[in-house]
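Both of the next two complexes hold chain A, though its partner changes from chain B to chain C.
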Partner chain A sequence: MTEQTVIQPRLMGRYRNVVLGALAVVLFFAAWQAIFLVVPFNPLFISKPSLIAAGFVDLVASGELFDDLAVSAVPFFLGLGAAVVVGVPLGIVMGWRVRIGYALDPLMTIFYASPLVALAPLLVIFFGVGLPGKTIIVFSLAVFPFIFNACAGVRAVDRRLIDVVRSLGGGEWDLYRKVLLPSVLPFVVAGARIAIGRALIGVLVGEFFAASEGIGFAISRFGDLFAIDKMFACILTVMVIAVVLTEGIRFAERSAFPWRRGQ
Partner chain B sequence: MAELQADFAVTAAADAAAPARRLWRRLEPTALGAGGIVGLLLVWQFLPDLVPMKAGTKLFFTVPSDIAGTLWRMFATGSIWAPLGVSAGAFAIGLGLAILAGLPLGILLGRSNVLNAMFDPFITAFNATPRLVFLPLLLLWFGLGLWSKVAIVFLGALFPLLINTYEGVRNADKLLINVVRSFGAGEWDIARLVVVPNALPFIIVGLRLAIGRAVLGVVVAEFFGAQDGLGVVMVRAASEFKVDVVFAGLIVFAVLSLVMTGLVKLIEDRMSRWRPQQVSGD
Partner chain C sequence: MAAYIQARNVNLTFRPPNRAPVRALGNFDIDVAEGEFVSIVGPSGCGKSTFLNILLGLIKPDSGDILMHGKKLSGPGTDRAMVFQDFGLLPWRTVEHNIELGLELKKVPAAKRRAIAARLSALVGLAGFEHHYPHELSGGMKQRVGLARALATDPDVLLMDEPFAALDAQTRDLMQVELLRVWREAKKTVLFVTHQIDEAIYLSDRVMVMSKRPGRAKKTFAIDLPRPREYEMRVTPQFNELKLEIWNTLKDEIVV
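On to the complex of A and B.
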């Protein structure tokens, strides 16, 4: 009897936040839909959920949405992949070889702190509005979180592990492979969370500029055409993708590196 | 001061070779760091002499000395002030509005579990999404010019401020809150006496992040939806192959962003001198 009375509020507590959150989302969309009954908004400038849903179905049925997403996904993943391949080794070397770290740290900090997006017009003109231009913008934005997080990861390595490998006769390469890389991994995954956001910015900037396809282009074209419902549908799709990617990485962090919870 | 004196005592006691080595140890990070930057600039400067380039590539290429010259001319003729002022205006208004909205909302969500649970999905969604995606919509709503820029700056700066304020409020010592409450304080007094002072370091970190986002917002908004501002100057220069102007603009934006985050860091250090390091930033 007493157990039940204890468990019940706890269960309520666990689901309460989810329920409240879902309720708020439903309320939000309901209020959005309902407000059109009271206030006659100009349908050129704002849409309502029912129309957005119809626009979304339209885009999915015609295949436009997936085509655009597929076009945008290629530079996104290529740039992000290149950022991992370049950024993680560079960060590990910067963290491990102290003098290289001293030499490169201020330089990288300047790059990281400056709004590199500002170079996008140049990159677009130089590499074109297609795949190469977009990939390079994505890469140049996404590489720095990997560098800095890999570097921080190396600096947080347990010295005893290094000493053990060394005293068992391990060389420099063994250290990289057996100690540094594994202990850097959680930091790299945390960096990926930041890098994903920056990579999305890169894709969007590249496509807003002068692309002729891709989800960013779709959003700005629907805006130019005053096709507000389809524009909202694309924006909401990007939001859902962004949430799935970042929350997915958060989930991966929690399940793969449970000892790092709360970082 | 005590540290410095102890240092002198140790160096005085050491043998003749040691002080030089000690000095180098202390200067090494700075020296190597400066060396890295100077090295890159030198390579960049002399790259055209070292590597044969096609005429087409040369059109896109610029060297640091040209960029410095352009930067100097922009300030000497004063041609930079008008666009810079436009950009700075959008930046300041957007950031100010974000502070005005983000702090109270962050405190509110930190103090109320129900509101927090209800707002959480929206904050997660907006924070994960690059705010840039709303730019075409904001252009439609606010038109080209100041207010669409302000809106994108506001959206960019709001969430770091809001989330860090929230974290700071959550971090407040429950014991202190209970003490103040048992002396008869209401919610307003709790906020004023315990919660806000405790959250300040977090808010400052949020401000630092927000400044970076706000600068980014100004740049991007001016690329796509403005008629004047430093970003517009840069886009025009890029399309006219004036690469040095693009880099000069980037440097101005970067320096502004660094100076402002540096100032905030100073305030942060001053304010958190007495407390152990525990502030988180992401």
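On to the complex of A and C.
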């Protein structure tokens, strides 16, 4: 009985939060559609949700959208994967070997804070317009959240656990595997949410500059053709993918770290 | 009495950066016989936990000799294991995997590890909780895991650094009874650091009182209470006399 009265309002509250959030999205699109009742509508410069939806249906029906997405997905996942493989170990070492950390931190901060997309034309010159160039742009944007979050994770490690492993005969490598890596994983997953956003930027920018296919290329080509409805259809698709990926990670976080429940 | 652990003139000074050095241990001596249960009581900051960390091999003393079984101590070894004050359990590992940690580091095969973990879970009263995570356990149960983990590598010496200090009074009393039961079955030499005089007397064969910093052995009391120890012993005149005697030795060292 008391259980019920405690839990009930919380469930209601959670449900209501979702409804409120969804309502805002619906209202946004409704307002977008409605504003052209008072503002003159010029399809060369702007589009509206009804036309975008029609454009979306066209793109899906012709298969263009999925072809472009499939092309873009390859550098996205390759670059992101490489960012994890390089960024997490590098961040852990920077956090654990304090001197290496002090040595590399300023350089990494410069790269992280600066708009690396400005280097995209140069990377295209170096690596070409194909998969390697795009992958490297994605990697160079996505790697830094992994480095910095893994590094912060190491600095937050419970020092007693280090003593525990050492006292039981563990060496340096055991510390990395049995204490540092598991400790930083939640930080890495939090970093992944940021990295995904940056990786998407990387794909799009790479394809804006030089590509003959891919979702970024599609966006810029539809823009050039004044097919604003299809351009928006592609942009909104990318937005939805970004939301699904980052929210998916948040969801996975809960089931991936059962030991964090109740902490 | 052949000394199993023998420490002579152990000195250690901490030198934290930008602060005055702290002399933790000053000519500290101790002898512990094989199978003996010895407690060290002393004022806060007297270096008693530091000495355990030296024995564990995590800290090197500035000078002094420490012999274990006649051999000079060098670094951590599987002949010693610590039960830590704040349990020191890996939060991402279940009870079973926490107990297996030392065995894993020793490259013991998985099947054998599992068998040892199962036996020790039962010994410390954790049967049925093997797949729980530390955050699902009470403080007393967490320390049972800590004890089982220390026993898993079958060390000769158990070092216990205020293992029950984080527990409430009733749980602590029960854990003391449990520890004696486990000690009787596992037959280990125990060096037990505590603030509690009652706890030290109830558990130990001998109780050493340490001086304030820099810590040295001030006086050692033999506890002649018969074993097995019953909980009721804590209210006997003999127990209380010992308690008073130890307190009188200790109180001059306490700096408020």
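Everything below uses one rule, namely that the second predicted complex is superposed on the first by the 231 of 263 C-alpha atoms of A that agree within 3 Å, B and C clash if a C-alpha of one lies under 4 Å from a C-alpha of the other, contacts with A are read in each partner's own complex, and residues count from 1 in each chain.
The rule is simple: a contact is a pair of C-beta atoms (placed from the backbone, for glycine too) under 8 Å apart; a residue touches a chain by one contact, two chains touch by 3 or more.
Every value quoted in this text rests on a predicted model; they were computed, and no experiment measured them.
Colleague: A:131 contacts which: chain B (first), chain C (second), both, neither?
Modeller: Neither partner.
Colleague: For A:118, decide between first (touching chain B), second (touching chain C), both and neither.
Modeller: A:118 sits against chain B, while chain C stays out of touch.
Colleague: If we overlay the two complexes on their shared chain A, which of chain B and chain C does A:69 touch? Say first, second, both or neither.
Modeller: The answer is neither, since A:69 touches no partner chain.
Colleague: In the superposed model, which partner reaches more residues of chain A, chain B or chain C?
Modeller: Partner touching more chain A residues in the overlay: B.
Colleague: A:54 contacts which: chain B (first), chain C (second), both, neither?
Modeller: Neither chain B nor chain C is touched by A:54.
Colleague: Examine A:182 and indicate which partner it touches, taking first as chain B and second as chain C; both and neither are also allowed.
Modeller: Touch partner of A:182: chain C, not chain B.
Colleague: When the two structures are overlaid on chain A, which partner does A:86 contact: first (chain B), second (chain C), both, or neither?
Modeller: neither
Colleague: For A:165, select first, second, both or neither according to whether it touches chain B, chain C, the two together, or no partner.
Modeller: second
Colleague: Identify the residues of chain A that lie in both the chain B contact region and the chain C contact region.
Modeller: Comparing the two interfaces on chain A, one with chain B and one with chain C, no residues are shared.
Colleague: Looking at the complex, which residues from chain B come into contact with chain A?
Modeller: Per the touch definition, chain B meets chain A at residues 28-29, 32-37, 39-40, 60, 113-114, 116-122, 124-126, 128-130, 132-137, 139-141, 212, 215-216, 219-220, 223-224, 231, 234-235, 238-239, 241, 243, 246, 249-251, 253-254, 257-258, 261, 282.
Colleague: Which positions of chain A touch chain C when the two form their complex?
Modeller: These residues of chain A touch chain C: 160-161, 163-170, 174, 178-179, 182, 257-263.
Colleague: Of all residues in chain A, which touch chain B in the complex?
Modeller: Against chain B, chain A makes touches at 16-17, 20-25, 28, 45, 99, 102-107, 110, 113-122, 124-126, 194, 197, 200-201, 204-205, 208-209, 216, 219-220, 222-224, 226, 228, 231-232, 235, 238-239, 242-243, 245-247.
Colleague: Can you tell me which positions in chain C touch chain A when the two form their complex?
Modeller: My answer: residues 53, 56-58, 76-78, 80-82, 84, 86, 88, 90-93, 101-102, 104-106, 133-136, 149, 153.
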